[in-house]
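First subunit A sits with subunit B, and in the next complex the same chain sits with subunit C.
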Partner chain A sequence: MAKITLQNIAHSYNPGAAEKIYALNSFDMTWVDGGRYAILGPSGCGKSTMLNIMSGIVTPSEGKLLFDGVDVTNVSTSERNIAQVFQFPVIYGTMTVEQNLAFPLVCRNYDKPVIAAKVQEVAEALSLEKLLKKSASKLTADQKQLISLGRGLVRDDVSAVLMDEPLTVIDPDLKFRLRRQLKEINHKYSSTLIYVTHDQNEAMTFAENIIVMDEGNIVQVGTPAELFERPKTTFVGYFIGAPAMNFIDCEAYENKTVRLGDVMITTDTDMSSVKSKRLKLGIRAEYIKIADKMGTNRIPVSIQRVEDLGSHKLVTAVFNGLNLKVKADRDKLILSEDVYLELPPENCCLYVDDTLI
Partner chain B sequence: MSLFYSTLKYLVVTLWSIFVIAPFLWALTTSFKDFQSVTNGATYIPWVDFEPTLDGWRSLFKSPAQGGVAIVEPFFNSVIVTAAGSGISIILGTLAAYSLSRFTFRVGPIRNGDITFFFISQRIMPPVVLSIPFFIMLGKLGLLDTLFGLILVYVVLLMPIAVWIMVDFFNKVPIEIDETALIDGCNPYQAFFKVVLPNSVPGIIVAGMFCMIFGWTDFFFAFILTFTEVQLLPVAIVALNSSITPWWSLSAAALVSVAPLVVVAFIVERYLSKGNLSGALK
Partner chain C sequence: MNFKHKYMFLLPGLLVLLAILIFPIGFTVRLSLSSWDSFYPGLDFIGLENYIRLFTDDSRFWEAFGRLSLLSLTTVFLQYIIGFSLALLVWKEIRFQRLFRVLFLIPMMTTPVIMTVVWRTFFNESLGPVNDFFNLFGMQPLWLSSEILSKFTVVLVEVWQWTPFMFLLLLAGLLSLPKEPYLAASIDGAGPVRTFVYVTFPLMAPISIGAIIIRLIEASKIMDTVYVLTSGGPGTSTETSSFYIFIKGLREFQFGYSAALSITYLVVMIISFTVIAKILVKMMVRGE
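What follows is the complex of A and B.
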């Protein structure tokens, strides 16, 4: 196990070119030993590049990578002691399950009894013990993925287990079980797990800390709750949560008050240091309350659509031509006229230039 | 409709099979005929139309002085040249193909694809273009009319086939397999030999088969670059075609020359199916 530090790491796939195109812009990041992280972001945002830099498949064009303070930027992949699981299961098809699991130890010249014991232990942890003698190519996709994972766990000296969307090929039911299993493994082996995904549910349920990325930048690092409650940028607000956060253009009026059209909304945000008047107010669909008369922090809306999603109702309301999503109780009666939305001050986030104040 | 379709299908397949097999059957019966049975009009069925004899087959093992055609030595010469040429081509071709598939090469405007094309382009040229250069080069090296000289020439001819097939094959092997092997603790050479290569056996077998077919059946270079010391099977068989052709010996020799390829085809036939090729990867 090791603390992994990325120092000013940046990567460009055309380093010699006059105008470099960066897959990953310069950033610093520290991965605490034994932590459970998820890297979340849309396709092409640099998630996999970051993972490949840590495992050594890609050498960063700028910056340093430290394992427990030791510079390993130019150390070869095999010497880094990283385990990586890819999106599609990678198994050695000509070997049995047992040989697959033993392979990383065989490569490192471990003694046979040690290998046998470790393989048995990991096979039990992943419920693969009955398949050990089978040819790995004959297994189902999820069993194959377990083998990929097993090869990562079989070494006790791995600095981190990196997973690049490992559950894509797994069906939903098993996905849930595997995620739980991964958490248990993280507890048992106290290994650092870094998990790349573009599925926010997967990230939220799996990780203690989530790194949200967009266009080669780290946009926000935080717990699932922090990302949900206080998205640092409008991108995070859109990206995290279903439905996405509602954003309404507004104007700064007084220190903590903004104007939405003709309506004044009070927030908990101190805007004294903000020069720009043009702001965005963001609020989650979960926090908006539906009311039947005007009052403090309420805006008049018309109801466009009500969808019954079983556990709750998803209401689409229109304010000044803008669609707002509201989650309401299943039993709540929604009128089509005289409807007002209450925006609680503590749940209103204000953004200037798409960044949280 | 389906009955009509399947009847038609079987009819076509049957006719085609007869078309393909007939020359072999003709050669087979001819190899058991004697002078009379060949020259006095067509005969077809042994013991009915003609009395079969083993003279044709026996003559293969006799020297010309004994009235034979002596193709045993050319046969083994062909085996040596084809096996060595194909083996070296596969080894070098596989290594070249792996590097072309996995690493980026750039020399001026030339990229990986151009290098691969350069290999294949050797086969696009008509062989006759190469005959004089080969003749002069082998002559200067003192390798004309030697097995070693022929092996060198065959490596040049067969390696493009190996590279071409194996580049395509390696391109279909996900690079994650190599990366995983590196992560698991292999160095790049171990990753290739321990992981990628065992997974590539079907591709190597297919490439090897093509090399063997082209090597075994080559007549042109075997004819031009050898004289008296070394003779390969295709040249030896053609040489039988003299003023009085011994059709029985010629047929027996032709069957002997086809037999190894038929055996090879049966052995590797299962690797030619697509399922076997792709199933070995993930």
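What follows is the complex of A and C.
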């Protein structure tokens, strides 16, 4: 395993053109040895390009890629010691499970006893030991995906296992099991796992650190809790969490206080360094409290819709023509009139130009 | 909807099927039970006499069958090997890729009979340019009148004419392959040979089987090449089943007997292709 450093990496698919269009804008990033990362973002945000740069399928038009300090930018995929699991399981259909798992070692001319021991070890870790003699093409999609992963794990020299939306073709209940297995493997082998997905749930449950990307830029890097509690941009707020974060246009009034229409809302944010008056207040649906009378940090709303989602109620309230989503307990009685929403100061995030203050 | 209405809608299709498929086959079967020839034209009934003659007293037909198997299997095998190699050559980005792709297709676009005449001229043993070249080394191979070489010439012309068809099918197959298995093989450290053996060839197996079967069906009807190039000769050394049936039916006008030959040929072909397809699937799609 190795520490992977991306130095000023940028990539354009039309490098010779007068006006370059970047799929990935210049950035620096270090992937700590043994870490479990998720690259999260909408389709076309550059996450697969970033992954392909690390695996060597794409050579970056700018910048350097270092594995443990060694420049591997122009080193071929096979010499780069990377394992990659693709969206659709890739297996060698003419081989047995055992031969599939052994293949990377056979290609590297390992001794037979070493190969057998390694294959047995990985098969046990992936719960494939009973299937070793079976033809790989006869397995289910999730088992095939485990083989793809296993071919990465048999090698001792793998710097990182890269996964490009590997659970897309897997049934939901198996997805859960596979994610758990991936975590266990990460613990057991201390392998760096980098997981690309557009599904925030997958990213939040899998990774220790999430890299959120948008339009070729890294927008935020953080733990799932950080991304949820303090999204660095309004994009992250919208993208992470279900429902998305509520954003209300407001005006800076005095330090830590903003004006929402006629109502003053106190926050924990120090705004002394902010010049602009036009701000956005962001708050998660989970933190808004429903009250029946006006009070500090409360805004008057009318209730538009209440949906029972089984585990909780999702309330759509209207404030100054703006829809706000609130999560309420299932047994909470929601009145249709005289309803107020309380915005706790510690949960209010303030944004200037869509960036967190 | 009423049950009978469905048949009304099916009727036009069924009638067409009846007219173009069932009637000709049915008529041929009936014809094969008659002794219709140029002396006694008419649809009389002689039972299985033609078939008995075919199985007991016509080794020439079965020899032609053996020759057909040899020629068609050899030509299709060579077409597959050469066609696959050419397709692999122009599959990846190379210079003048489009030019090569068109160039390789030219033989298929020519008229087989005309091209066979050209080949016959090439291989003409006293006037042809091929022997002009061999004469320089003091040799004069009998391309069209030696028992073995004439077979080789027929195979050569067939391979030249139909390899492009195989090339086209296999190239289309190669271009439709997913790229992930190749990336995975590269990451696993597989070189070009292993990548071909474990990725390209297995992925191409269904297309290969389809292409081989199509070509085998076509090759088993080999007729114009033999007719123009050697007329089945020398002796009967390049005579194939279809050419023999042609001789019996259209040279000797033994319509009844040639119908029996045709029906037997059809049955043997159906059985052979079923067996060949099964063998190919077993050989090429291991593990599936």
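One rule holds for everything that comes next: the second predicted complex is superposed on the first by the 357 of 357 C-alpha atoms of A that agree within 3 Å, B and C clash if a C-alpha of one lies under 4 Å from a C-alpha of the other, contacts with A are read in each partner's own complex, and residues count from 1 in each chain.
Everything that follows uses one rule, which is that a contact is a pair of C-beta atoms (placed from the backbone, for glycine too) under 8 Å apart; a residue touches a chain by one contact, two chains touch by 3 or more.
Note that the structure is a prediction, hence the values are computed from the model and not measured.
Asker: Following the overlay on subunit A, give me a clash-or-fit verdict for subunit B and subunit C.
Answerer: Result for subunit B and subunit C: clash.
Asker: Tell me the contact category for A:135 with respect to subunit B and subunit C: first, second, both or neither.
Answerer: Only subunit C; A:135 stays clear of subunit B.
Asker: Under the stated touch criterion, which partner chain does A:83 make contact with: subunit B (first), subunit C (second), both, or neither?
Answerer: Both partners, subunit B and subunit C.
Asker: What is the contact status of A:151 with respect to subunit B (first) and subunit C (second): first, second, both, or neither?
Answerer: It touches subunit B and subunit C both.
Asker: Touch check for A:93: first (subunit B), second (subunit C), both, or neither?
Answerer: A:93 contacts both subunit B and subunit C.
Asker: Check whether A:302 is in contact with subunit B, with subunit C, with both or with neither, and answer first, second, both or neither.
Answerer: A:302: touches no partner chain.
Asker: Just subunit B (first), just subunit C (second), both, or neither: which does A:201 touch?
Answerer: Neither: A:201 stays clear of subunit B and subunit C.
Asker: Touching subunit B in one complex and subunit C in the other: list those residues of subunit A.
Answerer: 55, 57, 76-78, 82-84, 86, 88, 90, 92-94, 103-104, 107-108, 137, 148, 151
Asker: Please name which positions on subunit B make contact with subunit A in the complex.
Answerer: Those in contact with subunit A are residues 174, 176-177, 179-187, 190, 194-195, 198-199, 201, 279-282.
Asker: Can you list the residues on subunit C that touch subunit A in the complex?
Answerer: 178, 180-181, 183-184, 186-191, 194, 198-199, 202, 286-288
Asker: Tell me, which parts of subunit A touch subunit C in their complex?
Answerer: The touching residues are 55, 57, 76-78, 82-84, 86-88, 90, 92-96, 103-104, 107-108, 135-138, 148, 151-152.
Asker: Spell out the part of subunit A that touches subunit B in their complex, as residue ranges.
Answerer: Residue list for subunit A touching subunit B: 55-57, 76-78, 82-84, 86, 88-94, 103-104, 107-108, 137, 144, 148, 151.
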